[in-house]
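Please find one structure pasted underneath; my questions will follow.
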């Protein structure tokens, strides 16, 4: 998920700015998106399921109008969450005014908090963390002197991962969980202050990067300027390693480290850990390309373009008949025969989750005439569920939980298979000042996982019938 | 606003049934509409701003799927409420399960209830009564043994007008306020039970009318059949007289009285109270046609077709240039010259609110050659605001508050003007067993009006900035 | 079908004017519609299948832009013609420039003309007469000194019904076939000249009626003003009687006769020709209402509102399941029980084509408790196909060709049935200066029908496979 | 532009196959697209402006239905051609039946042919070559014994570039101009025969490549199988070199040469012709990436990822306010700072047309900290207009016609600039059996250019006003 907030010193096209930023953050979530605009205390919102260019048009951007603040969100979520009710920003009215919330992350104690709130008479209109967070802040707001202090107090209760951008009638506030699982940074565009998930959103607006928000930090902007509350700071940082391996855009810089460089370095480590005698190194577009380049440079094996990805795929793709569905395997990705034919190929991808995609890709290469296929993965095997927003499947669906490396290699049909080691993945971003969360690889959970995991909270079927 | 609910004994196309019923109830609200389907306890909802044929299509009706219960709603509201967030049914999850609510009416103590709830930490995502009602029921549900008992207890707190259809995982429940301001009836379609605002929705489905729900009555249907809770019954009934004069469809039968007949009778009383020597009686389509027929029959003056209404108007109507806007006065309504040219015309309408529409209509008749225009209105002058859901403007906008009858006649350019008397309007539906609320005419409010009226709760600008 | 053209003396919002006019002409055709704008010789067009409010929006009207001329069209056609390729105006480029054509009617020699053109190498991109007409005019344009003379010459070849509005780079031209089967009139709006099918389109714009175009007349407007070519005038006029009975809007005045009055008169004749002892006269909305009023006045039997028509039906109507399809007979039309229960009812409609609709309507009345039903039709029985654009089915589908009046009465379940006589239908518009075409009733075809009728030219299946 | 045709031996989902193929050909044209399906001689078509995923959905693909043949098209054209009327396939009815045409190319004698046809009475409803071709074939069809012979004869008159796929009621026919300017190949999918522009469309369907169609060849498929007419074969082939440099997808194989390889080779030649001392070689996505890799390999300078392209851009992109328009330069393309900061960069692109894009890209690199920028272009300077479908601007807009290489370098702000030589560009696809058209570089036009070029035929303003 991706978040964005802008505070302008005068009435301006903040909706347009949010729109551009969400475009740049689209890779962080394709389920739904939304923008809320604050015009002198009055908040308007437009949000829906779909991509940014589908949800927004000149008409509805125009209706959002001008304002001095805006908050935006792109949602990434399992299929159950595709419902419009889960789209953010969430806009609520409470006893002290209104509030718009955009959140990236997953609370580990969502269940406990929601149960407690429900026992106090709360009603829920979505399955998103944002609603639980809104209630938690509102509850504190009854006694706290300010919105930022309410957030500060609510953070005592919120466990897990959250990167928040919150807009009150007069203030724009960003807050990051004490472990800093998800990125959140500050930028500047003229006099305007911006909070957003990735620096590529700043670039898209021509804004300047100021600094990352610290884990546990609350940053407030209002007519008096910007200030911090650091009561929750000081924990050891645990940014999700998958932000570097897969989530973030390569041109973003997170915690001082360039994502593209980290991926190249992951490729270089792979070459050292899993060398192989081969003719060409290719990457699976787009997530394996950077690591492939790193592998090539380290190993000296030439880099090649092994696949062409159809640039126009993305929206609903209709496969009218079963026979076509089978025939159309190459519509999204097609192998470049001249690159792989008769060659010993090193194939780089970021990870294998269930194995079905890898299986299909390997088949494409075989059909294109690859002589040997040596698959290398720029991350260690997933063997533990993630409770902080990565949405990695339950253990029984993870191929690495069910098979040995050799079994997987055989299953997907490659001549050899090598995963990056946990030691190596921890070193892919050396300039980064902080530590990584690598729980999905090594089970070292920085925040206690939920006892009875509300894993399927987005699965309406389960959650409602349980009641 | 119009509500609908269906309880089927087996899984069937309840969404399709709701769709047909909402089509028949469309005249009760054109702002937004929605359908929630309950399939074995799992509730799906689709709702949006717009008319039923615009909001629903084969695709989204298909996604709602089969179920054993459905609830539907059409919303009528001032422009401020056109936001998607106010669309109903409202679907909420609470500590004991889920609930879908569709409501017709206006709470007089919305403000007090919301304030009280907010002080308890409640957050609001819409401006609709349904959300306050949902909180009120949920609060009682914490201790009440059943959903129906929660509703029963909540009704102690709800003041004003409400006709509710509520769906829990296993039950379909209808409830009507103790004064019975808005209609609500029960029908039967095979083994299925239906609750809905008007009998025309029953007819559209080929369902049979069983009976009206009593003011204050709660009716519950579940696998054990249908039963009533009558703790709030026994008050003097005060159904809104405007349901007969304007809101309801002429073919509906409300509280035992046919709406078309009531309107004809109103016309007949008008002829007795305000006779005039004339050549033809015409009605303003569609609301004045029935009364015009009644006036004609009583007076012996021939009934004529004075206007043709464009059947295709209804959706967004584009008036690209100012000059066209002025020219296009006859696009919705055009006078039939042969009916009125050189004639002394009796013109019947249901009411005059601000006077602008009447002014335009009178001009059309003059241009078509009417010699004299005697306007007759099938209701008394509005002089008091309505707090029960009629959405009649604030006093300063009501023309009858600012001018005498003679002044109004002069203002809109008619040769004479006559309003139906309050005594007469009370007699237009003699077969009806109950009393009327005629507060908008005589100020006799059955339920105490709000002290500081939250009149503009749908005006986001005002309500939010107040905070 | 309906046509419209406007010639402005300066650049103005002619697209907006056409849009309003097409709204008023929508009853003449719901399959497709279009507008072509001429801005200083450059012609832009937008057209598509669907109703005017669905096809046009602020965006595409804006793109059509300003101009000094516009032509508009609404298409009525059998289902085979719903293809976008048949939408008009047809815009073509030929050796002497460009031309936009909008046509109302049906050529009887379409087949012969198309064959001849095809043998000369012509290609056809639609099945509409307009394309044959465009070729015919273009052919003459090769040698004729002007566009109007080309039209004049082409009219020697065109047989059957056509009311044309044609726009060349510099001129707006209207032409009507020598029999005048379809209406076409001239109006004035400030300095602008308008050609259109019905006066209601003039009224919608606030324009003034000037006169009807004569059968066979060509009227040209350009910077030199308006002039006529009358080489094809002087035939006996044969305007389609069905324009008065069914097609035209009641508020239109055609050939000096008001349509509403003609329908009332038809009802009065019916009362004289087929009197019956009854309690109430009702009409089938909307086409039977005027005649019902005429019947009531003539007979002294009170006029009643027997049905309520759902005002919101019109667009795609989804009937998701078979069971609902059967239940939903009352969604479009519902009987008013209080009007008909226990009564002897005179039921007026304009015609019976196949009998299925009448059957359904009679059933509604029976279910609502009508004691007797006496059906009266404001036109004689259809027994002959129409070749001039009425699109009446082939003989084998016309119920009146297969059954006697008594058999039809029995078939649709009425107690008695009476058709208006041919003599009477000829007298319904006495002020009208011209004769009627009544071929569908009496087989007196003013123009020789096609020998091998291209009846199903819109049936792609047939027409293409024939080749 | 891209064309596609499929001939199945039995009724099957040919529309679905065309849809998949057009998806794979989308890079060849984004203005409009269309599919025509032939079901036992009856042809249905759906086409519109927009991308394949926007124009087609489950609903309209379903309506196209099953068939035994289909033709598809994607259109690339200057802005004037965005009108729906220019979308293909063009479906026409002529004296001997129906025909659907999809064309890739530009006729050099369009003007002459159209004039001649117009003088014979032809009317034109679009500005596309396809209509002129349809008339030309139809004219011959009057006397020729078959559709293929009509095409064969018409080819005597057609000059310039055309790759046609034509569907008659019973046959699917492909034809390529005698110079073979645009690619066209044959594939096989089970028993089905496919004609299409690029092999990537075959791959998308899982079809097998059979062979390229020869320049001047006509290939016919019907129930008797496949056969060739080679009356127009034997000319020296002149395939457009820009197919290899820019148009085609890298994974396609054209005339035996892999496009990706050709681009790499172009990069290698560039390294030899314009060596430079630098730290990193980067390409402009997507068209410069392959050549950058080739330059890197040849020169030994490391390959780097210099830019990230937003994968979600493509559809309408809204820039609500002027200030944002300026800020949003990095929304489509963003520089990767870690790759270029402080580096001497070799920047590879395929060409410079007007210079504005290059200017913007160079600025991005400078802002990202590039120390030196050495731009290399994988094609020679454009100095001559193209008349065969490349749509290269008129001379006065081509930067290379107005400036020397040094001036251009200065203008776009690079430290050095090098174009590939004409000699080298001719050698980029050595396995290819045929010659190149390099007229845009050297003025050697294989087919005489039009004397008075109808350069702006898509400019309605000019073409219509000329008349």
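Should a chain be cited, it is by its letter among A, B, C and D, assigned in written order, with residues numbered from 1 in that chain.
Here is the rule we go by: contacts are C-beta pairs under 8 Å (C-beta built on N, C-alpha and C of every residue); 3 or more make two chains touch, one makes a residue touch a chain.
This structure is a prediction, so every number in the text was calculated from the model and none was measured.
Colleague: So which chains count as neighbours of both chain B and chain C?
Modeller: none
Colleague: As a test of understanding: of all chains, whose mean C-alpha position lies farthest from that of chain B?
Modeller: D
Colleague: If you average the CA atoms of chain A and of chain C, how many Å lie between those two points?
Modeller: Chain A and chain C have C-alpha centres separated by 59 Å.
Colleague: Can you work out the whole-Å distance between the CA centroids of chain A and chain B?
Modeller: Measuring from centre to centre gives 47 Å for this pair.
Colleague: What whole-number Å value describes the gap between the mean CA coordinates of chain A and chain D?
Modeller: Their C-alpha centroids are separated by 37 Å.
Colleague: Residues of chain B touching 2+ other chains?
Modeller: Residues of chain B never touch two or more of the other chains.
Colleague: For this structure, give each pair of chains that are touching.
Modeller: So the chains that touch one another pair up as A-B, A-D, B-C, C-D.
Colleague: Going by the contact rule at the top, pick out the chain C residues touching chain D in the complex.
Modeller: The touching residues are 40-45, 85, 90-98, 115, 118-125, 131, 134-135, 138-139, 142, 169, 460-461, 463-465, 467.
Colleague: Name, in rising order, each residue of chain B that touches chain C in their complex.
Modeller: Residues in contact with chain C: 12-13, 15-17, 19-20, 23-24, 26-27, 51-54, 56-58, 61-62, 189, 200, 203-207, 249-251, 253, 258, 260-261, 286, 289-290, 293, 297, 302-305, 307-308, 310-321, 323-324, 326-331, 334-339.
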